[in-house]
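A, B, C, D and E are the chain letters, set down in written order, and residue numbers restart from 1 in every chain.
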């Protein structure tokens, strides 16, 4: 599904930072991968490279066999296949919840208004906020906003979903409702790459956990192996801090 | 030295807040009083009322027998007698350390340049940064800045010193050096009112501790009595949180 | 405002009342002083002459178009029907009763006045004001369109677009509007009209070159407003839109611009106010907006004091009205 | 700029080169088009006539002031000493050797040319430019002083001062500079000079009323800059100063203003650039600054295209130079 | 005959566009000015209207600034200047004039404090005298040529320059006889002295772009017609010999 081959990425401004250093990994279909690691270790950068929100400097990234770094690839086409959920929701504040879900379907997928509507309501029901369809994002709680954001990404029928710390901007009491939606999604067989420090979620849902540090993948494996029997001292010290 | 009689203060903007409600207390000469209390309890407001940085709405405040709320009082005269040290240092960034200490002496006290200079260097030695006289505040660490601020207040030969959380904006490793200066000051017999949550300092130096909550003085007494045998449940619950 | 409660002495009600009234007294004294000094230089104020430049009554005369005799005058409430006839011709005129000049049986030559009445007409200052508004409005509309595209070009990655936009903006903002108006009028205006004439097309009246100068001028400022507005929209919005598969232009159109729009509106309205003031320069190229109208009236009436004060007042009323609007818009933007 | 790395397609060096050169091609084509269309309308460019408005050579003639004969011509390196005498009078003139018109023994009438030489003189455009700069500089100095006090009054607690400042600022910013210039010139100018004359004092030349209009105009804008600058200084600074016993004015003078000053400087320089452009309006009241000088030259030379472009270019050079300065100041402010 | 030249004549364009655009600067009383209602009136305006009638086209007034009036004519902002323009040899190098229709000369409006002391323009030739006139006019040229030593100030419009003398800011205003007469009548009483003996010879004529013999021919014949059928005299009386029009202007 996703293949990352020897990807490196350096930011030059404001000062030089090696965000990714020779990263390789693969995510199979219907697999759920959780990425953990200290702040600044390159987790977000890796995720953002997967739908080319950041350009990788060297290496290849294949999504469903398509090399997204190739100049000839229609990146907008690829991005519809790869849904992304941000830490800060990024809902469109000038559109109602319904219209947030409809916009890209209309503009990108060119679906009929009725189809969009049907899809939107189906998804809102799935994430449990059917009654908020006509409301504007500003009137929703953080947890509700994040669920709308997930629904919005799902509306494009992506094959992969990327989550960048989807619960870390939420008040503690709202984390659960978002994680529940994600768990349901995983159960439905969605391929997912999740940056998150929610260990409970990782243990329950993840097929594999990747630990990153200083732009490189330090260790990866099944959740139990990583959380309970980490080999690398850096992983051990990181886990000891957050557990 | 300081007498506060039934002082109340209400802020009207942005919304009505009763910052002080019928507060009375007195601070004797050479006494060191530490004020503690939860955030928003009116500690800063009380302190600021003592040199009329805020106007008390009702009540009297006497500094050395002078009613500072009286229209006829020369408040600038009173303020020279009451030194104040802020949480955020508030050094004058456009003047060197030396000039920070000299400015008010020249302008307010009208001392000769040589006298100012002598005083400044004496005080800088006292707070332990004699070698930084020609340096600008931006080049100093937080702890050094706060010590300069103390020296600046002392340069006016005040009879009372007010400290508003002098160490809470500092990195932990710098707290000690500032507290040391304050301890030395207390030992020299300065009258001091200190808002601080440094319990060690309070235990060691304070003659009396005042606990405030919701604009009122809830309890006061010797440090040991307050810290170890607080009577009031609010005091107890506050202390249990911070100790 | 710069308040820090305890630092200012506590002011009593009396203090505010005293100094407040002192302000009005001061204004009063200043006006008095002005009046007194005009008296000193023997200037005679003639305010009564000013209203006619806003509205005046014109005598409209109804004249006979045939020769003959008044055959009948029929009374119809406030109107009168006058029939004039002779030598086979016959015409009927409807005139106001009160202004009738003829009676039945009067002999009428062609062109004789049958009746007259007074009509209110809009005076020159009001016409100038109206033109000022109209020109500013047209210029802000074109300027906004131009500014929108320039602003987008300014932040584009394409060097041609970006440098083009920068060049345009810098040239326009770096030279006086007056000089730009002259260039439009004498250089571009001449070229364009000559070329049009060459190919047998009618020429463009000078008003439009004035409008072009103003529009291009406003466009450069609007471009910067648009750029600031777009850049003030959080990057996350663009990222969200693009990661849903929208193209750059789709994201701009559906997500960025609608949000930028609200932030652009208040400074845009401010720009419109500037434009009202700037349009005063158009008088230089024979466009009779408010300032030019005032100058013309001053030239013949020789009452500069009243007229210039009135002119300034009219501008103040205009700009004040619109800045109220801006404040209203800003409040709405802050709220939403 | 609006960059978000991954969202824009990755551009190659070639892309920038191509579109960059395309920009220059476009500029070239536009200039060519302009030239071509002037050819179409039979405009003959005469750029060679422009330099004389910057510098020109004047023929300075030395004329005899007595009647008689050239008695002697003495060679002194590049100079010649010509002695003319007759009827008891005798005069000696020092003239440049190369421009000698007479020889020894020539008969000379009073007023005859003895020699001539050429001298470089500053042309009208350069004089206008110089006046523009001078006027702007004087206006910004007065405007800054005025603006400083108005800005302080604006944030004062005293209603008279505050309302007075607000009234002044709003009136000046709400009406066009052109109208203000007219009011200063025709109303205040007339009044003041008449009063001065009444008391036997010499009258003030119109230039100063233009400067006054500009200064008062700039003052209102500077006041807002000063206010913003003062308010941008953290309140803690004022509290610290006051709690050391300084009075409000001492704190302002020694603590607030020196800090505000650095933040005020860049927008103040920007205001100066505006002023350079605004000074173009002074031509209306017969002050021969750059725009007026250009108008006059156009009237006589009838080469509007060249001259208006040159005029715009001169303004661009001025404003560009000063905005470099502003940027330099801003960088310094950010650094410190 | 050069038929191309005829085709290029301004006449052709006027007829084709159906409008006669006349350039002038309102304010030069009584030749052209703005009345209370904002309409342009004056001697030249009446002539222009007759001219438009004779051509069978619409009369379009263009009120422009004086110092830009010749460039504006040359850049085709209007077809003809009818603005009381003196036919000077210098201007004649740049534009063509039809036959002069009025002859005027420069006269002096003097501040009353100089009564008796200044009798002719020659007495003004001293730096202590401030003399005003209008920018780019023959008044200005006369000052520069004949009174070179005085302190000269030029103004944008006639009243500005003349009021300068009324207000005592200047000593003398030099301008064409008709305007000075009108201004003296209106504003001068008790403040100004009118030295009404013209000291220059200034024929006034209509100006057009060069190289247009057809138009010149037409204008000269139109002028002859106007002068001989009585219309010209009627206008002359209306504007120069009576002051009835003043009440419509103020």
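Going forward, contacts are C-beta pairs under 8 Å (C-beta built on N, C-alpha and C of every residue); 3 or more make two chains touch, one makes a residue touch a chain.
Everything numeric in this text was worked out from a predicted model, so none of it was measured.
Q: Just tell me the minimum hop count from chain A to chain E, counting one hop per pair of touching chains.
A: Minimal hop count between chain A and chain E: 2.
Q: Using C-alpha centres only, name the chain that sits farthest from chain B.
A: If we average the C-alpha coordinates per chain, E ends up farthest from chain B.
Q: By raw count of C-beta pairs in contact, what's the busiest chain pair here?
A: More C-beta pairs are in contact between C-D than between any other chains.
Q: Roughly how far is chain B from chain C, centre to centre by C-alpha average, rounded to an integer in Å?
A: Chain centroid spacing, chain B to chain C, equals 60 Å.
Q: Just how far, in Å, is the C-alpha centre of chain D from the one of chain B?
A: Inter-chain centre distance comes to 55 Å.
Q: If you average the CA atoms of chain D and of chain E, how many Å lie between those two points?
A: Here chain D and chain E have centroids separated by 33 Å.
Q: Among the residues of chain C, which ones contact at least 2 other chains?
A: As it turns out, chain C has residues touching two or more other chains at 4, 7, 41, 186, 190, 194, 239, 242, 284, 295, 298, 304.
Q: Where in chain A do residues touch at least two different other chains?
A: 53
Q: For chain E, which residues are shared contacts with two or more other chains?
A: Within chain E, residues 68, 71, 75, 163, 167 contact more than one other chain.
Q: Would you mind writing out the residues of chain E in touch with chain D in their complex?
A: Its residues touching chain D are 67-68, 70-71, 74-75, 94, 135-136, 153-156, 160, 163, 167-169.
Q: How about chain C: which of its residues touch chain E in the complex?
A: So the residues of chain C touching chain E come out as 41, 49, 52-53, 56, 58, 121, 123-124, 127, 185-186, 189-190, 193-194, 197, 202-203, 206, 284-286, 288, 293, 295-302, 304.
Q: Which chain E residues qualify as touching chain C in the complex?
A: Those in contact with chain C are residues 13, 17, 26-27, 29, 33-38, 62-65, 68, 71-72, 75-77, 157-159, 163, 167, 186-187, 249-250.
Q: Please give the residue numbers of chain D that touch chain B in the complex, ascending.
A: Going through chain D, the ones touching chain B are 234, 236-237, 239-247, 250, 254-255, 258-259, 262.
Q: Considering the complex alone, what residue numbers of chain D touch chain C?
A: 1-2, 4, 7-8, 11, 16, 19-20, 22-23, 26-27, 34, 37-38, 40-41, 43, 155, 157-160, 163-164, 167, 170-171, 173-180, 182-183, 186-187, 190-191, 194-195, 198, 227, 230-231, 235, 238-239, 242, 248, 277-278, 280-281, 283-284, 291, 294-295, 298, 304-305, 308-309, 311-312, 315-316, 319-320, 323
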